[in-house]
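Let me give you the structure first, and then I'll get to my questions.
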Amino acid sequence: MSSDAFLFWFLALVTVVSGLSVVLMTNPIYSALSLAMTMIGVSALFVTLNAYFLAGVQLIVYAGAVMVLFVMVLMLFDLKHELQAFTRGRITGAIKIASVGILSGLIVGAVTMGLKTATTLTESASAANAAVALKTNPDTTRALAENLFIKNIFGFEALGVLLLVIAVGTVALSRSKGGSHARD
Amino acid sequence: MPETNLITDIGLNHYLVLSVVLFSLGMAGVLLRRNLIVLLMCIELMLNAVNISFVAFSKFNGKIDGQVMVFFVMTIAAAEAAVGLALAVSIFKRFKEVNIRFFEHLKG
Amino acid sequence: MILSGLIFLPLLFALIITVWPQRNTVRHIALGLSVIEFVISLAMLQKFDPASSALQMVEKTTWIERFGISYFVGIDGISLMLVMLTTFLVPIIILASWNSIDKKIKGFHAALFILQTAMLGSFLAMDAILFYTFWELSLIPMYFIVGIWGGARRIYATIKFFIYTMAGSVLMLLAIIFMMRLTPEVTGGQISASLLDFYKLRIPFIAGEFFTAQTLLFFAFALAFAIKVPIFPLHTWLPDAHVEAPTPGSVILAGVMLKMGTYCFLRWVIPLFPEATEHYSWIFMAVGVIGIVYGALVAMVQPDVKKLVAYSSVSHMGYIIVGLFAMNAYGVNGALYQMLNHGISTGALFLLIGMIYERTHSREISKYGGLASALPIFTIIFVIVTMSSIAVPMTNGFIGEFLILLGSYQYSPWVASIAVSGVVLGAAYMLWMVKRIFFGPAGEIVKHAAHDKEHALHDLSVRELVVLAPLIVLIFWMGLFPNHFMDYSKASVDHLIKNKMGYSLVLTGEGK
Amino acid sequence: MLNHELLIAILLLSPVVGFLLNGLRFRSKNYMLAGSIATAAVVVSFVCSVLLFLQLLDADAEHRRLAVSFFEWIAVDKFKINAGFVVDQISVIMILIITGVGSLIHLFSIGYMHHDKGVTKYFAYLNLFIFNMLILVLGDSLLTMFVGWEGVGLCSYLLIGFWFTDSAKAAAGMKAFVTNRIGDAAFIIGMFVLFVTFGTLNMHELNALAPTVLDSSWMGAVTIGTMLLFIGATGKSAQIPLYVWLPDAMAGPTPVSALIHAATMVTAGVYMIVRLDPIFIMAPNTMMVIAIVGASTAVLAATIGLTQFDIKKVLAYSTVSQLGYMFLAVGVGAFGAGMFHLMTHAFFKALMFLGSGSVIHGMHEEQDIRKMGGLKKYMPITHFTFLLGWLAIIGMPPFAGFFSKDEILWQAFSSPRGHWLLWLAGVLGAVLTAFYMTRLMALTFWGKSRIDKSVHPHESGLSMTIPLMVLALLSVIGGWIGIPHVIGSALGNIPNMWEHWLEPLITKIPAVAGEGVEHGDSSLEIILMVVSVVLAGLSAISAYVMYTKKEGSSAKVAKAFGPAYELVNKKYLVDEAYFAGIINPLVNLSRNLWYYIDVNFIDKATFKIADVANGGGSFVKALQNGNMQQYAMYIGVGVVVVLSFVLMR
């Protein structure tokens, strides 16, 4: 087993286990910490896929900023272990789990069915060359930047505007008294 | 084409399957959990799962666009988390409650 | 441009009304604007060439090119008088609602003008989609007029009215789309929604088989219009809508909106599906005749005077249907004339009932009695209108009813024999109502008014007389000189009757 | 000489002017002004009528026809009706009666109505009536006639219900209108039948086309058409089965009863048939029905008249009975005789109604003859004129009624379409008439006074007695223009001016060999005449004895007949039968239709359809439970479904 393969299996295990614990932990703090672990695993997976810049961003944005946000909010609410962490209802619960299961089964089935197509795709000459180039060339960051700032500059700028709006909106939301939708 | 070893030859499919598994976990969490914050976390999980498949496609197809898309997704995810949490905070301030079953105002 | 002007000026008026700054002059402005509209329609009448059966003052502009939908309006003898009726009634309605509408005045007048646009558009549109747009548009202001300014059960009535009419139009829309898909046969490949192209279609018809294109299309259209008219088993929305509607709403509903149904039979159903019309005319004859008798019988036992008049409308509309489907010159001319008559005399009846309701706040017949001593002028006018409604000669009602009966006699003597019973029953229920309200010893309301100074009954004011005078003049004018009115429509109706198996219209542009 | 078109225009419009002048100031209580305007309007019309009559006299017999068409009224396809009017031998008689008797009655009304609050309105209505009646008789087509036909019905409605605060009177007006409408509906269909058969409604053209009729059977178009027209006539002229409105119509002011319900309007049916005689002759079955209905009405109404105590009701039933005579006449083909009786009846019945009006006026609105008696000394003029009218109606020679009634009876016997049974019915009617009219005279004017002490009867003023006197004169001499040949030749060649005048317009019934009696059989005619006069005389004498000499004997007779008397007194319960058999079931049916079909079937059915939509909505609504996770689940399930559909394909 090559190091590549070992790395993949190890990281897969880490992400799946921590992902599972996000769902299963009844204490939200543990869920948050597990999610942080998952993020780190994903970031490492990015590295195995030669996406170094993204791996960094993943760490900074997710494991850094977003998770801190989550944890802070949790701390703010002072949430402890929950008795009713999961929804009730036999039928709906069954349907929920079944739909998740069937969905994942279907996707996996689709992936395996599409195996041949995928391999032929990778083996088609130009794609293969490009893939090799991408595999071997560690400098994907430059390529990413070029693509981002030339081809997708409009989307990039739009995202900037979106983030501005979000920032303003978030501030406005958290300053509000929770709306007028009184329950009583 | 020689027989590929499922364990040692890591290809696109491995990443995709991993992505699916993570996505399903996230989805199960969204469907099953009751805590609003945890729900948001599970959504993050789903988005990350998708990101994995994007990057994997990007690598195995030799196109950088996949990574660009991940970049966008991350931005959106961060924004969504911010707004979602802001909402959660504001709701919590008003109702002292984060259980999703509590918020059924959309009942028809 | 005059037709477009007629159609869209009211829309502009509605806009002016909504932004008008002074609340207390809104009525004056609305009245003035509606009179302007009427004067324009008179100018149009002046330009109209009564000798020609062609579609006149045509305007056609492409609207949605891909589907061959155009803005296409034109006028001929069939629609002319109904357009005149519409523009004529609106000022009267505005003047009649001077005191009775006291909330949301701006909204009311704006709705009225939008309604006028929609009605005129429905009468003038020569493009199926354009027509459908106006047809549906007419529902919305009416919905608000009944729903906002109506009586106690107005919400029930509006929803019933809306759903009934809507249910019919859906089928019609389907039929229109189906026919549009057929048009490339006659236009050389281009899809078209023009009514004139529809006229050219020869839709296959097999007698006796229900599931053929023409039969199905015929019934799809006929159902939509039958609900609007309304024809006998589909009439139950009408009494509710009338009872709950405010007076102006009742007048416009009875005066013009019901005519949209009958007019469309003449404009769409009969020329488009001649074989099906001929083959299934017995159904409409039957329901028409049943409507005449049934409406009259049920009207007789109504405790509410407005409901009584509403059921009398069902009876009168039965006459119109019988006249239309007799498919001969007498029947169709009579039906067209009866549409005007009904608009005027039933409109006047609703106005009168509205006026008395303003004074007594009751519509229950049993509470009245002896009103003739208290309100003599009112009584005289009411009796005149009643006479018009029961078709006494020298009033307008007689000409229409007589011609319709003559037409139906030519169709089948039996139909005429049953339909003529409406003449007797009509007299019975109307005069019984008149007797119970106006004659006899003073009833509860009159007695109450005699004791109570605050509720004393005042005879008609000058404003109310001005409202009624034109209607009374028309009742006699149309009864004594029907040719002054009928001459405008004769050419078109003759053309329709003579070419019913291959109807087409010639176009003439603006002017002559 | 004035142009006849102008004359006809003035003739028609003068009452309209009167109507408008009075109608527009209907609140006024100035009875003198209102009465003068109205009377003047009718007098102007009368002058025009006389001038027109003189014009006709000038013309030679074949061209006595003044036609005018003012404008085209209705013109649709082949159906063309002009506002056209014709003055000819028949209609000129009618307009003379209408405007002549009409002016007298207007004059009478000034005195009779002077205390009434609505006097101006009353005169407006009267003028309107005259206008409509003139249209009816002058109209050159059936449809123009129908305009007047309905118009007079309307005026009748307004005048019967003139004192509308009395519920019963308003109801009587309504009853009259609706009953007339039943006839009118048949009239309309009758017009259609004739129009479709002959292609015209112009009466001149119809009459000219009549000989082309081939099918005279029961189902022939002409028979059906004329039958329907006759049903129309039964409505307007109060024949079986539609006569019920006329007795109730006495609720109106008495001059109205005289003008509308005795002299003019109710004779419209007879007039219509006479106008269309060639057509009716082509339908022998219809004629037979007319004769039978006329004869039965004459007898039936007369029997009811025997038992009534309201002075106007007696006269009303008498009118119905006399109208029956006229129909009997036209039914056997004696159109001239029918018209003749129409005219004489107009004179003497108007006289009697006005006389009764004078009595009622003098008695302060008392109408019950049981509370009268001995009025002779209080009201000499009224009594004397009434007496002449009485003699005329019971057919005593040489009063007007004798000549016309005798002519009808003789024709009923001798005409090719006559029958001895019809004659017998006629004689029976005459005997009954003599009895109840004598009873009326006896109870009202003769015998002992039964007047209430609080009432002080007085003779009426001049405006009321002058019309009485004029009409009395006419009742005496009115018949002399139609003296039968048998008497005329006996008295020295007095010509039958009436017959001569009408001859060009009256079609003779083609004699059928072996049927009827030869016209020249004068001895038989005299015998029959004597028989009927003697019988009527005896009947009158017995009534006189019974009601003035032997008081109380009438009660004994009534007792002897017991239930039969009750039945007759209650008018054979016809009104009750109509109510129980037709009107109430119809109202109940309507209630049930409304309740069961409209409210409980159609509405419920549509609600059911709405319920389906509503149920679907509730089902979908249950899915929208507000639980966000449920929604997410739906998304999941949806994705699964779509994805599996895509993959399994």
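To keep things simple, chains are lettered A, B, C and D as they appear, and every chain counts its residues starting from 1.
Here is the rule we use: contacts are C-beta pairs under 8 Å (C-beta built on N, C-alpha and C of every residue); 3 or more make two chains touch, one makes a residue touch a chain.
Not measured: the values here are computed from a predicted model.
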Discussion item. Using C-alpha centres only, name the chain that sits farthest from chain B.
Written reply: D
Practice prompt. With chain centres taken as the means of their Cα atoms, state the distance from chain A to chain B in Å.
Written response: 5
Worksheet item: Approximately how many whole Å separate the CA-defined centres of chain C and chain D?
Response: 38
Response to the item:
Expressed in whole Å, how far the mean CA point of chain B lies from that of chain C is 62
Item to complete: Report the inter-chain centroid distance for chain A and chain D in whole angstrom, where each centroid is the mean of the CA atoms.
Response: 101
Response to the item:
Check: chain C positions touching at least 2 other chains come out as none
Worksheet item: Could you say which residues in chain B touch two or more other chains, in rising order?
Response: 27, 31-32, 101, 105
Worksheet item: By residue number and range, which residues of chain D touch two or more other chains?
Response: 629, 633, 636
Item to complete: By the touch definition up top, name every chain pair that qualifies.
Response: A-B, A-D, B-D, C-D
Fill in: Touching residues on chain D, where the partner in the complex is chain B
620-629, 632-633, 636
Item to complete: Going by the contact rule at the top, pick out the chain B residues touching chain A in the complex.
Response: 1, 7-18, 20-29, 31-35, 37-38, 40-42, 44-45, 48, 51-52, 55-56, 58-65, 67-68, 70-72, 74-79, 81-83, 85-95, 98-99, 101, 105
Worksheet item: Inside the complex, what are the residues of chain A that reach chain D?
Response: 87, 92, 95-96, 99-100, 102-103, 106-107, 109-110, 113
Worksheet entry | Partner chain D, residues of chain C touching it in the complex | 163-164, 233, 235-236, 294, 297-298, 300-302, 328-330, 333-334, 370, 372-373, 376, 380, 383, 387, 392-394, 398-399, 402-403, 405-406, 409-410, 413, 416-417, 420-421, 423-424, 427-428, 431-432, 434-435, 438-442, 480-483, 486, 490, 494
Worksheet item: Can you name the residues of chain B that touch chain D in the complex?
Response: 27, 30-32, 100-101, 103-108
